[in-house]
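Given below, in the form of structure tokens, are the structures.
There are two complexes below, and they share chain A, which is joined by chain B in the first and by chain C in the second.
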Partner chain A sequence: MIKLVQNEMMKLIAKKRLLVIAAIIAVLVALFTYAQYKQVETQRHKLGTNDWRTILQQQIIDTQNRLSSSRISDDWKKQLKVGLQQQQYYLDHNINPSEPGAPTFMRMFLENSIDLFLPLMVMVIASDLVSSEHSLGSIKLLLTRPVRRWKVLLSKYITLCLSISLIVAITGIISYLISGMVFGYKGWGAPVLTGFNVTNQGLGTESVKLLDQWQFLLMDFGLVWFVAIVVGTLSFMLSVLIRSTAAGMGVMLAALISGAILSNMVSSWNSAKYLFMVNLRLTDYMKGTAPPIEGMTLSFSLAVLLVWWAAALAVAFWVFTKRDVY
Partner chain B sequence: MNKNILRVITIIAAIFFVLWLGGLGWAMADYYGGKPNPITASKAPEKAKENGKELRVVAIGDSLTRGTGDESGKGYVGDVIDELKTKTKKPVKLLNLGVNGQRSDQLRTQLGQKEVQRQIQRANIVLMTIGGNDLFRGGQGLADYQSDKLQIIEKSYLQNLTAILKQIRTSNPDARVFFVGLYNPFMNLNEGKNISKVIRRINYESAEVSASFPKVVFVPTFDLFELKVNDYLYSDKFHPNTKGHRLIAERVASLITW
Partner chain C sequence: MEKTTLSVRNLKKTIGKKEIIKGISFDLKEGEVFGFLGPNGAGKTTTIRMLVGLIKPTSGSVEIGGYNIENHFFEAMKNLGCIVENPELYPYLSGWDNLLHFVRMLDDVGEERITEVTQLVGLTDRIHDKVKTYSLGMRQRLGIAQALLGRPKVLILDEPTNGLDPAGIREMRQFIRFLAESEGLSVLVSSHLLSEIQLLCDRVAIISKGKVIRTDTVEHLLSNREQLIWSFEPFEKGKEILSSLTKTEDSGDGFIRTEYESEKAALWNKQLVDAGVKVTEMNRKLPALEDLFLELTGGDKID
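Up next, the complex of A and B:
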């Protein structure tokens, strides 16, 4: 088994996909770092101060004024309100919600890339893991060996999980290194609040916890990794089902993008919460923002994703072991 | 391909696999099992240092402070700041805390916030507009200007005003406070005369309250709008337009000295 995994790892590394992914991440992180830097600069210029409290106070007032407008929808209003209460809570407790530094940038980057960008990167590897063997014709060579088929597939799956872990790690390391050049490398111990309850009435703060940023980051990484594994498994299944890599990627891409769009407009379509793609933003639960559909919680989203994951894995193995290869 | 490199990469990947899995487990354990730890690290914001290098202006109040009606969006506050910049060489820093539709009780609550107090404490000049929404409830007019309800509104408004000014003076005994009074946007309506009467009374009472605090200046605006109210009103016939804001700003700016 270890030999099989080693063999798959070798194929993967020979394809240099990981390097491509690292390069893409590096470019994007550089872009975002610059954008973030520019934003901070304009803010400082506008308010004429570096003081985060003043800036946060001004943001709170701006949100209050947006809320007083009658032209915004109820959903949006609710989200704004939750955000507002959270900002006020940070301010009241004298905690900077975005302590400048590379760890904070990393946290923001992770939170924003969890539902689209990282899954895309994972797809780059997962979607042709099996189907490329078909298109290259090497599948026959692989299956004529005296190894059970499920073992072949399992070795591929383990390779996938390992490389996903690597991608998540690469994301973290690259975003830390690049953004640190601008924002500085400090900030692991900065306080972060978690445990806000988002209810209909607004934001519950009775079970709020104070964490160090590194603790919060490790949890974020765990959640991001879980999402990446689920998405990776789904495209892995498609790669088994559909011989054409492009078609498999297309399907997955459509699902992911529809998820990003749906999250903004499904609040009235309740059963949409069973779709995997609206459940991807797990880190939002840690942060305490209003979920896209009422009644969604961390355990609910984890359960939904887990079911999709198990189903995809079962289908992949079942089809791969039963299918005629010619 | 070097076998060793391959092995190292695989091992590193496996380590991260375990690490992320641990992170996931921790996230779940913490989300559900973690005890809330009351925030104790809430150190009070450090006392602001008095610094004479810049002129700090804090504006509080309602939509008038926010600049509603002014096409440039600056409002009378922005105009005052522009004026100040021509008068002084010091950098002028503005923090506008005005909220549309804010009533006196809401402003009172807002001033209870630590950070707002800290900002007031650092201010050299405080600009304030309040009361319009207590009285007109967002431009609906003064429906019952002779009923008992008005008395109740007036009474609670004056109480709130006293509390607001007291709070400002507690946070900052030195800053000059300019309290911009009410005008009558309904001058030309049938009941304009009666409404004017109420507003004059409230302005008088506001001025009395202001006078009981040191360095609080009540700035009347009633007369500015008295003769040609429609020339100075925005299309909602309630907020001042660009010209109206300018009028108020000129008056306030001429009062500011240091």
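Up next, the complex of A and C:
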């Protein structure tokens, strides 16, 4: 089995996919870093101060002004209220929610890339792992060896999991290194609050815990990795089912994008919470923002994703071992 | 008695409602080159894909080296090397890495075997170049090299000379004969080119519309069909006499065809001469497999 995984890794490296992904991540991180830097700059310019309390206070006043406007929808209003209460809580407890530094940037980058950007990177690898063998025709050579088909597929799946872990690690390292050049490399021990309880009434703060930033980041990374594995497995299944890489990618991309759009408009369609696409923003639960649909919690989303993962894996293996190859 | 290395029994495949392969049976013996001949769409490739385990047969059995491919996939595959259609190797890897890839999929083969097969197919100079820089002939040879890695008893080659130039075809032919004669492999070669099969194979199965029409040695198939072509004066009288002696066929351009049998030919000739018919031409014709093929398949169109 190790030899088979070695084979898959050899092919993956020869295709230079991981390098391309690393390059894309580096470019994006650089862009985000610059954008972030500009934002801080303008804010400081506007308020004329560098004190985070003043800035936070100003943000709270801004949000309150927006809330008093009658032209915004109820959903949005709820979201804003939760955010407002959270900011107030941070201010009351004298904790800076965005302590400047590379770790904070990493956290922000992870939170923003978990539902679209990282899954996209994972797709680049997952979606042609099997279908490229079909389009190349090498599947015929691969399956006429004294190796059972499920082993061939398992070696590919293990390779996928390894590359996903690698991508997540690369994301962490690159975002730390690049953003650190601008924001500084400190801030691992900064306090972060988690465990906000978002309900209909607003924000519950009974179970709020104080974590060090590195602890919080570790959990974030775990969640990001989990999401990446689930999305990777789904694209992997599509790669088995659909022989064309482009078609498989298209389907998966459509699902991911529809997830991003749906999250903003499904609050009244309750059963949509069983779709995997709206459950991808796991890190939001850590941060404590209102979920897209009433009643969604971290454990609920994890369970939904787990079911999708298991189903996709079962389908992939079943089809791959049974199907005639032409 | 030679050993049977590949045995196919009543193989059938139904796709949808259409029966594509309608019961194919044949045996391969050690050290022989077996031709699988049929027009495009006759079911050659589908059959071959069933032999190598890519397609599951609807019914029937395939045994390679005595192992049933469904129940003992692992053992059966150890005895098999194959190229199905074109040898589609990984173009972004070097020839060596391609072979290494397939060596890793075998249990008991080491890297020294790569050097061996590379020498065997004569690719030593270019083995570390990327496959995308290879010519078609070199890819074909690398394909054979990968098929030989596991020291198989049976080699299945689907259209091995496809796309090769005349020199390449000759080289390939010699190489396949060498493998069968010196290494004792059984080689199954499929082709729609009759001349190819005629030159290369010991035995042939002619298949059409998913059925084996005939299996025999090449010599046998041909010698049975040797013909004698007659021309004489006066034509009508000669034809009458000859028809009373054997089955004749008027080819319409002043020639009569009969079967060729060495003893009877002289006898018939004598009788014609005795009756005052002047025999102007007696021509023995060795038919090409081509005629036989067209005859057997009825000029087969794919339906």
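Methods note: the second predicted complex is superposed on the first by the 326 of 326 C-alpha atoms of A that agree within 3 Å, B and C clash if a C-alpha of one lies under 4 Å from a C-alpha of the other, contacts with A are read in each partner's own complex, and residues count from 1 in each chain.
Here, a residue touches a chain if its C-beta (ideal position, glycine included) is under 8 Å from a C-beta of that chain, and two chains touch if they have at least 3 such contacts.
The shown structure was predicted, so the numbers you read here are calculated from the model rather than taken from an experiment.
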Report task. Applying the touch criterion given at the start, work out whether A:311 contacts chain B, chain C, both or neither, answering first, second, both or neither. Result -> neither
Query raised in the report: Just chain B (first), just chain C (second), both, or neither: which does A:182 touch?
Result: neither
Requested in this report: With the two complexes superposed on chain A, say which partner A:14 touches: chain B (first), chain C (second), both, or neither.
Outcome: both
Query raised in the report: Which partner does A:247 contact after superposing on A: first (chain B), second (chain C), both, neither?
Result: neither
Query raised in the report: Comparing chain C with chain B, which touches more residues belonging to chain A?
Result: B
Report task. Could you say whether A:147 touches chain B, chain C, both of them, or neither, answering first, second, both or neither? Result -> second
Requested in this report: Examine A:324 and indicate which partner it touches, taking first as chain B and second as chain C; both and neither are also allowed.
Outcome: second
Report task. Go through the superposed model and pick first if A:6 touches only chain B, second if only chain C, both, or neither. Result -> both
Query raised in the report: Of the residues on chain A, which ones does chain B touch that chain C also touches?
Result: 6, 10, 14
Query raised in the report: Quick one: in the complex, what on chain C touches chain A?
Result: 49, 52-56, 73-75, 77-78, 80, 82, 84-93, 97, 100-102, 104-107, 146, 150
Report summary line: Listed in rising order, the residues of chain A that touch chain C in the complex are 3-4, 6-7, 10-11, 14-15, 136-138, 140-148, 322, 324-326
Requested in this report: Under the touch definition given earlier, write down the residues of chain A that touch chain B in their complex.
Outcome: 5-6, 9-10, 13-14, 47-49, 53-54, 56-58, 61, 64-65, 68-69, 88, 91-95, 161-163, 165-166, 168-169, 191, 193-195, 206-211, 215, 218-226, 285-286, 298-299, 302
Report task. State the interface residues of chain B toward chain A in the complex, per the touch definition above. Result -> 1, 6-7, 9-10, 12-14, 16-17, 19-28, 30-32, 34-37, 39, 41-45, 66, 91, 93-101, 113-116, 118-119
